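Below, chain A partners chain B and then partners chain C, in two separate complexes.
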Partner chain A sequence: MRGVLVTVLALAAVAAVAGSWLAPYDPAAQDLALGAAGPSAAHWLGTDDLGRDVLSRLLAGAGSALFWPVLVALGTTALSTSLGLLAGYRLGWVDALMMRIIDLAIAMPGMLVLIVVVGVLGGGYGWAVLAMAVLFTPGDIRVIRSLTLAQRGLAYAEAARTLGLRPARIMFRHLLPNLAPTVVANALLSFVAALVSLAGLSFLGIGLPAGTPDWGLMVEENRGLLDLNPWAALAPVILITLVATAATLLGDRLFETLSEGGAR
Partner chain B sequence: MTLLDVGGLTVTGRHLIVDGVDLSVSRGETVGLVGESGSGKSLTARAVAGLLPKGLTATGSVALSGRELLGARERVLRSVRGSRVALLMQDPFAMLNPLRTAGAHIAESLPRLPRAARRAEVLRRLAEVGIADPSVATRHPFQLSGGMRQRVALAAALARDPELLIADEPTTALDATTQHEILMLLRGVQRTRGMGVLLITHDLRVAFELCDRVSVMYAGRIVESGPGSGVAGAPAHPYTAGLLAALPSVTATLPRLEAVPGSVPHAEDVTDVCAFAARCGQAEPDCGRARPPLREVSPGRRTACLYDVRPRPRTAPPALAPDAAPAGGTLLRVEELRKEYGGHVALGGVSLDVGAGESVGVVGESGSGKTTLARCVLGLATPDGGRIELAGLDVTPGARAARREGAHRLVQCVFQDPSTSLNPALTVGATLAEAAAQGRAEGRPSVAELLDLVGLPAAYADRRPRALSGGERQRVAIARALAVRPALLICDEPTASLDVSVQAHVLELLRTIRRELGTALLFITHDLAVVRQISDRTVVLFRGAVVESGETSRVLDAPVHDYTRRLLASVPPTP
Partner chain C sequence: MTSPSIRAAAAALLLLSVTACAGSAQKGGGAGRDALVWATGAAPNSLDIAHGFNSASTTIQTAVLDTMVTLDDRGTPAPGLAASWTQPDPASYEFTLRQGVKFTDGSALTADDAAYSLRRHLDPAVASQAASYFTTVKKVEAVGADKVRVTLSRPNPAFLAVAAVAWQVVPRKLAEAHPKDLGSPEVGTIGTGPFKVVKFSLTSGTVLERNDGYWGPKPALRRVEIKNITDAETLRMAVRSGEVDGTDGLNARDARKWTGLPGVTTFFYPSNNIAYLSMAVGSGPLKDVHVRRAIAHAVDRAALTRLMTAGHGSPATAMLPRPQLTAVYGDAVPAFPDHPLDLAAAKAELAKSAYPDGFTLSVPYATGGDSATVMQAVAADLAKIGIKIVLEPNPGDKYMARVMAHDRLGIQYVNLAYGTPDPIEVLPDMISRGAAEPQGFNFSGYGSADVDARLDALASATGEARKTQLTGLLTEIADQVPYIPLFYTDNAVALSDRFTATFGTWTFSFFTVIRPASGS
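Presenting the complex of A and B:
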């Protein structure tokens, strides 16, 4: 099972890195005479209403569909892990202040904020990614903080304090490895949430200019072609679902393996 | 008349765990099943009750008054459990449902009765376990102390008047004085009811004090059985003899605590040989050829040893004069230390001194403030008032003038729980190297030297904590604490979670370290026998206040305060 999950994600990664190069056609090349045709030997997944090759557009779009969510996951994880460790280890006013800010942040309607931010500022996914990292981080900080609280009371952490180690060393060398299962699982969940949210934004026509090869945008642009070439809209939906499911399940499994390894 | 008859009981999971155990309990008899962790005693008890965890299977025979229970349907077992066989577990908090009152727990198991009669019956049952206050029936478990909870649990277990009570470490989680009360209660109830009791315990002293007959388990099998007094007086198996020799005494400071070398093998690896041969001081080639049968040495006495146990040479005189107090001046001075948590007073003005190279014991029960005291000295807790001085330096945590800069080179700590005292993510070597780097550069010990100091092979540096036994982890924790070569080592119940043979090893190690390195010890414990072995002076804490202090031999032989006397009376006699 794990082999299948890793294979799915590895293939997605290959497509993201080398998609444009693997694409059989120029993703932007139009063949109006062809129109929206179904799958054929020349066009495996058919063409859209402008006669553009669906497979090529999927491959070319894999980059942006996967790169931004990875960026969100990395940003969220780095931010939430360090802030969560800090709050849970330091406690006191640092913790109190951070928790109140998080209470506020969690009360904000996420998708709405995203739509407003990207709608007002425009210009690609850049702002959306930043907004998303800010939106996802508070929940993760809470999780990391509560785990840190539990770990800092254990004898090994107290022994580290007794030895006079610097707080940063205790947090990152002693506590962090014992939080690893949760950190890894959280990172994958952030990736999935970002993948689905960004596709959603594209579908709503927010973020990328029309015509960009992008999975979410393709679903929106081609949803009228379900009778002529259903693959034009279905294929990106299937890909998003597949990658999201694989990442979620892998996160689950990694959590279990890592926890077993760390436990006695 | 035999009530419970266990024959050839074998429990297998992924490995063999219990290997051919024979046991019998008669009406009105208390039988003790004694063994260290990993001996299979608890699983034996669970197999008898038909409560083996998933994945484990039992074969052999478990007969209650002639009726076979092993392999019986769950329906049959349900009709037996509670009504004929009752269980009393170790942790009185986990055993009671936190959402239900004490009375509800007992009423649940009582036969059907009208409401008023039931209430009266609940109160009568509570009175039987020594709870005279009727309001206890309406309280929830979290409102009761550990001893009270164990009493309620006992009343619930007895509600359907079982013929056999299986008590699995019923007093291990309790304070010494409470433990004594519960044991006496158990004995009283057993005698008035004429009930059979199977007592599972790791504590030899408890077993000998309470049981008519005792069976000693080792690596999944019974190695010796017989009347309690007989086994205590003249053990017929080298393992039992080793355990008895490892027991610290409360009345005398032993010159040397004898640990049993090595560790318990897996039952599976020793099916065809004597399980103890590898650790036995008097093993002969015969011991490795076949499994020694349980042979009868005298009526009622059986041993799984081919030979007679050689008496242990008691070399030095039994009592050791306490080391002359070193004249190094005061190392640690605690003055009027106060700390409150919420409304609870943990420390109500505690003062004590530790001289350089001196060993001071701090004795008290849970809630006496002994751990809070240690945490304040270590800088892990900030006291509300008072002063802590280390080697002339004010190190009171939180005080403005005090900077704990360098305090970590003066005082280190060995914590109680070996399962969490080492970081599971780091190897032993990484842990020790990091600790050593916190000390002064000149004369910094290497990892190999540190491991050697605590008697572990240098190859252990590459291991992670989970590949170590509890005793080994605690030794690594001691090495970590000594890595900065502190002047004072605080030991917070370092042996409370260890088996008695391992405890002897760790205590002996601490004594050696003190003798050879001149490290002063502040030894926190609830065990008076341990304090007798390790400390020159003893301070008795009770509810956050020092009630008695003085030379250990004086405090333990001629206690002045009433509480110290009660503590001493609750220690089971050392055989």
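Presenting the complex of A and C:
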């Protein structure tokens, strides 16, 4: 099972890196005379209403579909791990202040904030990624903080403090490895949440300019073509679902594996 | 672990719910074969044209409110509430009211009601959306019990045509008491038309019932329920399932999806509209006429027409809707300067400009609409001559607000439908300096004192002089290219086979022409 999940994600990663090179046609090349047409020998997944090759756009769109969620996951993980460790280890006013801020942040309706931020500021996914990193972080901080609280009282942490190690070294060299299963699983779940949320934004027409090869945008642009070429809209939906499912399940598997490893 | 899992699930749910697009119309509606359930693709906002001058609102207004003048099948002014009229001099009209007409509240129609109904559009306190139709009206007065005299500031051959669209007659007492909120759900309206309003809600729809005291031919429909279904696929499913009997909320581009629906007939008929590209001539590369001509040569209008009309339209040949060209020229429309698809000519024009190697232009568009598709095709065409278009997505309402504010205009896709067969309804919007201000429709900003003077002359001209004036202005537009005419699209109506109708360009009220099909 894990092999299948890794294969799916590896193929997606290959498409993200080399999709434009692998695409049989220029993903932006239009053929208005051809218009929307079903699969054929020349166009395996058919064409959209501007006569663009759907397969080429899927391959070229993988980069946009996966790059930004990876960025969100990295940003969220870095922020939440650092701040969660800090709050859980230092406690006191640092912890109290951080938790109150997080209470406020969690009360915000995330998707609405995203729509407003991207709708008002425009400029592609840049603002969306920043907003997502900020919005996704508070929940993860709480998780990391609670785990840190449990770890800081254990004997190895006490020993490190007794030895006079600096707090930063204790947090990142000694506590963090024991939080790794959760951090990795959180990172993958953040990736999935960002993948689906960004696809949702694209579907709403917010974020990327029309014509950009992007899976979410393809669903929006081609949903009116279900009678002429259903693959133009269904293929990106299937890919989003497949990648999101694979990443979620892989996150669960990694969590179990790493936890078992830690227990041993 | 819990929080991100919920987050991922919530995000997935959002995508699914957006995809599903909700909105299920209630089953049924009209009981009986003379009860129609209609759907509009946009929400009506007012039963008063002064505050609801839009397609969804006027669909209801035209069923409830009569105008003094109407348009016949060919777009020629014909008697409405005015049984007849005379023109004592070129700048004045005297209308004689039809006798025995009553409002649906039982009160008799008076000349004072009719005069006030026009005069109110000139009142700044009303802030009428139809005010621009009546800028030449100087004075409106009731003359005796059954006559209304309208005095214009100058002769205006278009007056009767615009009156047929916007001079809706309401009781003076009601309109005077509600200058701002006449036609709102709270106040409603009262008319003399073939239907009366039983219910008007911005959220749950509208119900009309036949006005049995109507002075004209009685409509065949007894009851009309009007729903608002904005999502095109939901609307199609509602018609397909029989929840809705008819709609005009479809566009020609999607004709293929509608023509095969079982038990539904789709009608296509010529519309009084034009789709075009507007180019802001005030600054930047578009200020250069050679750049504009290059763009005109590079855009494949025939391909765009095929894409956007799916065989239910035709390429536009001049910057006027086809019925307006026909109204002035008949079948002998002159040949205006053209810029046919020719990449070599486009490059040659660009070479003459200050931008021989091309340039980059940021172009806003409304997401989720036709402008996204059109601008993608235009961008691909212009890339062939070195002009790079950077598309800038905007939510529909933000885009409209930005365009109407004339905020950073560049190249805009515009598709407008008009109400009358008179070119003077369109041209001042396109090229007068007044309309180049925010909230005006002159998105190109093209215009001059000379053009304004010629528009004034056109407004008063008749006969051959009118043709000459119009030809001069259209030739100048075609030569200077502040606009590129793209295509004309047919109107479309989908109707259950339980009903039948005959629709035309000048059909204002759907509900008076729709009738139960024989044998249904």
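Note that the second predicted complex is superposed on the first by the 263 of 264 C-alpha atoms of A that agree within 3 Å, B and C clash if a C-alpha of one lies under 4 Å from a C-alpha of the other, contacts with A are read in each partner's own complex, and residues count from 1 in each chain.
Methods note: a residue touches a chain if its C-beta (ideal position, glycine included) is under 8 Å from a C-beta of that chain, and two chains touch if they have at least 3 such contacts.
What you are looking at is a predicted structure, and each value in this text was computed from that prediction instead of being measured.
After superposition onto chain A, the partners chain B and chain C occupy separate space and fit alongside each other.
Legend: residue contacts after superposition of the two complexes on their common chain; A:35 is shown touching chain C, with no touch to chain B. Judged by the touch definition given at the top, the superposed model places A:7 against neither chain B nor chain C. With chain A as the corner point and C-alpha centres for all three chains, the angle toward chain B and chain C works out to 150 degrees, nearest 10. When the two structures are aligned on the shared chain, A:182 is found in touch with chain C, with no touch to chain B.
When the shared chain is aligned, chain C comes close enough to touch A:255, but chain B does not.
A simple residue count on chain A separates chain B from chain C, and the partner touching more is C. Minimum Cα separation between chain B and chain C in the superposed model: 21 Å. When the two complexes are superposed on chain A, none of the residues of chain A touches both chain B and chain C.
Of all residues in chain A, those touching chain B in their complex are 154-165, 173-174, 177-178, 180, 262-264. Every residue of chain C that touches chain A in the complex is listed here, in rising order: 1-5, 7-8, 10-12, 14-15, 18-19, 232-233, 254, 256-257, 300, 303-304, 306-307, 365, 367-368, 372-373, 375-377, 379-380, 390-395, 398.
Across the interface of their complex, chain A is touched by residues 378-380, 404, 407-409, 411-413, 415-417, 419-426, 434-435, 438, 465-466, 477, 480-481, 484 of chain B.
By the touch criterion given at the top, residues 28, 30, 32-33, 35, 49-50, 110-111, 119, 122, 136, 139-140, 142-143, 182, 185-186, 189-190, 192-193, 196-197, 199-200, 203-211, 219-221, 223-224, 227-228, 237, 240, 244, 248, 255 of chain A touch chain C in their complex.
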